[in-house]
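Taking it in order: structure first as structure tokens, then the write-up.
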Amino acid sequence: MTSSSGIAHRLTWALTVAATLMLLWLVLTGGKGLPYGLTAALLAAAISAWVAPGMVFTPRPLGLLRFVGLFLYNSLVGGADVGWRAMHPAMPMQPRWIDYQLRLQHPASRTLFLLTVNLTPGTLAANLHGDTVRVHAITADTAGELARVEAAIGALFVESNGGEVS
Amino acid sequence: MTEALPALLVFIPFLAGVLQFVTDRRGIPLLPVVTTVITAALTGWLIADVAAHGPVEHFLGGWEPPLGIRLHADGLAVVMLLLTAITGTMVSVYALASHGRHVPGASHFWALWLLLWGSLNALFLSGDLFNIYVTLEMVSLAAIPLVLLAGAGKTTDATLRYLLYALFGSLVYLAGVALVYGIAGTLDLSLAADPLADSGFAGALAASCLVLGIMIKAAIVPFHVWLPAAHGGAPAAASALLSALVVKAAVYLLLRLWTDPLAGLASAPAGQFLGAVGAAAIVYGSVRAFLQERLKLVIAYSTIAQLGYMLLFFPMAVTLAWEGAVYHGLAHGIAKAALFLAAGNVIAYVGHDRLRELSGLDRPLAISLFAFALAGVSIMGLPPSGGFIAKWLLLRAAAETGQWWWLVVLTVGGLLSAAYMFRVLRFAFLRSAGATVDHQGPRPGPLRVWPTMALALLAIALGVTAAPILALLGGMP
Amino acid sequence: MINLLAGAFIIAGLLFFLAGTVGLLRFPDIYSRLHAVTKADNAGLGLLAVGIALLADTWRLVLLIALLWMVAVIASSVACHLVARHHLREEDQG
Amino acid sequence: MGVDVFAIAAAALMALGFYGFVAQPHPLRRILAINIFGNGVFMSMILIARWLPDGPDTVPHAMVITGLVIAVSASAFGLALIRRQALNRRSEPGSTDD
Amino acid sequence: MMALFDVVLVFTLVLLAWRCVTVTDVFRAIVVFIVIGLLLGLAWARLEAPDLALAETAIGAGLLGVLLLGTWRALDAGERHACGHHRAPVPARWLAGIGSAGFGLAMLVALTSLDGHPGGAGELALNNLDAAGTEQPVTAVLLNFRSYDTLLEMGVVLMALIGALLCRAALTYQPRAEDVTVDTPLVPVLVTAFAPAVLLMGVYLVWAGTHSPGGAFQGGATLAGAGVLLVLGGRLHGVPHTALITRALLILGTVVFTAAGLLLIPLEGAFMAYPADFIYPIMLVIEYSLALSIALSLLLLFTGTHGLRRGES
């Protein structure tokens, strides 16, 4: 157990979750049944902070913009790329495995990396073992894409703990 | 107050069962004892009221059918409530000894038994097809875990098979309910009768689904495969409840549906078919019972055979047959509970129930064995017993309707049941000249012996109390 | 005008779905098929969502659609990763 | 009135569930088959609900919810029993109480 | 266009159901079963039954699906093999095939021959909606017109739970040697992020049940789903003993429902009849307590344990 499971940490998490859930309730209901929404949000936040507290990250505004842009661009290009390969009579593909050394350390950033890689053109993260991600690739320039995704995620968060490991 | 009685009869045991599960008390089962007394007393009250003033109806939530659900305590329902209350009270007393404070799973036994009691009452009182599906499922799911209480892993396979058949049977029944609703736009038993009467193919299919689903639940041959291992493997008190009440509840439902919502569809060939199935059950169950090597399996197969008699109502469908079938259900239930409790005493004393290794039990287990023999008299249908009255009524019905072939079935069935009963008694009594068994357990105490005896005596006494009970039941609807 | 644009987005989205399905049928092995399903369906769903959002009349609906798209994208990515991992393990074990 | 495609689905689900119950007697397969049968029954209830002239009839809808919860609870009990069977077999190999 | 969609949907459903009962690999059969559940949700949404679509997706496909997969994990290789290869003898299969085909045809004919029926329970339910204390007709049937069924159904759930507990074969989710979850942060991180949102969705569905698709059962199942997520992510563990709060929550719905019914008998003359002035708050209390009990019952049915404990990580 690290210090990250302390009271302050849980409280921060609970407040963030409660605020997010309240927003979710507003989106779902359009402002009706607010007392129920508030009770539910507080209860859910309390349960979550008690049972499964997470880390709160404050994304850098510019980093967020960069990441969202990259994500949307990659999604579109990834879809178009694989669609083109599927429709092409010869199905141009170079399926192979790549082992990529990951520098991101925090579980949340790693999760985001894995999720994004699956939507990036020509790459699919199949396994993470230690710091090595096993990636299935069907395009030529894969390592560059992966590095770009990693850099965007690295720039997204203010890394408060968990120092960089070379 | 009396109009609330049906609801109370369902919810007092139901709520007590829920609370018993939650409190999980290991001490003296105070809650179950109090609940048993109250429920039995309320049952008596309701029966007295129905006897005096006729059927009681209760519209749940104040909504009348076809929108709401109706509880309906008529003659048939209260006779079944009577059976449940008598057997239930005696089993409760017996279970004070067999599921006392030091027995593992005792608290679960009481919780399940009280829930089962409430569920059975709910089933007998229900006047709504879909509600009957729910209560059937309740009865099954209260009864099935009882089989598991036999101990770690011993009855898992039997329980699983029981559950799968029960679940499938109730869904087949539910398919019939769906069709009935599609035809009649109502789920009320009585209101559905007229639309069903001229519904053609869909109605016939609906009726077949309802009957088939119930037959699976009632372990009617050829859907009996789950029964012997489950009833034979459960603890004695649970076996008594399962054989006397749970499968009976399904056959009760067959009688109920046939005479009310399906009355307009019931055709003579369908009746003859059900009668033939009943005859097959009688012969098959009796022969298999004769061939068993374990006491509880003999009794379990005997249940398969005895349920067959109740099916003989359908081909004859006259008031005598109606009275005979219901009275048979009552007599068999009480006698069968006595048999299983007596077998439980044998197992508690000897440690097993392998017939060939039972001998010399007449002295240490004199009262239990005497009770077994008395209950056996009723099962065989010998006078003066409840079983005799029931078979006599059925015989007269066969003669009245001129369907002599059922006379043959009844006679053969009686002979076969005599054969397997005497076989058991021969092992237990007549070889007693030899060495006594090296018993493992202590002698069963009075709490185990006297309920058994009381049930056996009641099974005999039913031979002389036929008039008031048949008056309560009333004629065929 | 808006309707026309929305229609274009929806048709484009459906085309992506079509391509993804073709890939699912044509690609040689399980991993390549996962590529096809995840990426093409993600882009297709996104375009579809934009198309439908253009037709929505309240901001609440737009937000809801965006939320739904996000959940669907995360779910498909997770499923893709887990399936790939499962197969990789099975191959390793022989 | 012609044949509703969903009526075909309802009938087929029931028939296949029936077949599965008999053809694959392993308990886990039977639980699957029972639930497929049940889904067919629920589908036919929903179809029946549609034949009311003004708006769907909610009585069968309520019945479906009740039936679904009951079927899933009972299936969960059955699955617990199957796990118990597996435990039994593992603790004493070669012996079953069948 | 929609007709074509329906035909494709039905065709896929039937094909998948066929696969589910005939395929030898039990894992495939389970996956196919889950897909059938999801497609059924789609079909029911098409058939103007959004409440049931929600219920089927949450309970029939979701909860039962993870239970099936969890049970599959608990079996060893021999048993998994037996699941597909333990078959009825060929003549029995043929007989079953013919019988079930006949049954299906008969059902089809019967379903097709049915037509509307004026004055049935359905019309009455719609006409009496004003007196029901809720605007949503399905909720009105479940919690008022036929509330007796719903209450008894809670008993069924409780008894199934007792049965599962008696089996003493809990589903455990300790990571096995071969799936070292520490390396993939995916599951724990997503559980942490999603569980609160799913909890909120559950409450939303219960709340919405008074006027739009949703209700105690759908909401309760969603709440249970959040619990299942936490169990799968290792944040909650099943334990063989139970805390007072767990037991109280477990029977809350049943007790509140029964108590409201019994206590009002002297006032209203019938079990479960409610005074018109207080019907709305009564229904609300019943609905929320039912949802809580349903959620906990389903979650415990999933873990197969008496209670729950917070995980270590």
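The letters A, B, C, D and E name the chains in turn, as written, and every chain counts its residues from 1.
Going forward, a residue touches a chain if its C-beta (ideal position, glycine included) is under 8 Å from a C-beta of that chain, and two chains touch if they have at least 3 such contacts.
Owing to the predicted nature of the structure, the values given are computational and were not obtained by experimental measurement.
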Contact-graph separation of subunit C and subunit E, given in steps at minimum: 1
Chain pair bearing the highest count of C-beta contacts: D-E
Greatest separation from subunit D - chain, by CA centre: A
Inter-centroid spacing, subunit E versus subunit D (mean Cα positions, whole Å): 12
Whole-Å separation of chain centres (CA-atom averages), subunit A against subunit B: 61
Whole-Å gap between the CA centroids of subunit C and subunit D: 31
Centre distance in Å when subunit A and subunit C are each reduced to the mean of their C-alpha atoms: 17
Two or more partner chains touched - positions in subunit C: 74, 78, 81, 85, 89
Numbers and ranges of subunit B residues touching at least 2 other chains: 130, 134, 137, 141, 144-145, 156, 163, 175, 179, 181-182, 187
Set of subunit A residues in contact with two or more other chains: 24, 28, 114-115, 127
All pairs of touching chains, each written as two labels joined by a dash: A-C, A-E, B-D, B-E, C-E, D-E
Subunit D - residues contacting subunit E, complex: 1, 3-20, 22-26, 28-29, 31-33, 35-36, 39-40, 42-44, 46-66, 68-70, 72-77, 79-84, 86-87, 89-90
Of subunit C, residues touching subunit E in the complex: 74, 78, 81-82, 85, 89, 93
Subunit A residues within the subunit E interface of the complex: 17, 20-21, 24-25, 28-29, 33, 36-37, 39-41, 43-45, 47-48, 50-54, 107-108, 110-111, 114-115, 127-130
Footprint of subunit E on subunit B - complex, ascending: 3-4, 7-8, 11, 14-15, 18-19, 21-22, 24, 58-63, 65-69, 105, 108, 111-112, 115, 118-119, 122, 130-131, 134-135, 137-138, 141-142, 144-145, 148-149, 152, 156, 163, 175, 179, 181-187, 195, 200-202, 205-206
Contact footprint of subunit D on subunit E as seen in their complex: 3, 6-7, 9-10, 13-14, 17-18, 20-22, 26, 29-30, 33, 36-37, 40, 43-44, 47-49, 51-52, 55-56, 59-60, 63-64, 67-68, 70-72, 74-76, 79, 82-84, 86-88, 92-93, 95-97, 99-101, 103-105, 107-108, 111-112, 114-116, 120-123, 125-126, 137-138, 140-142, 145-146, 149-150, 153, 156-157, 160-161, 163-164, 167-169, 171, 215, 217, 294, 297-298, 301-302, 304
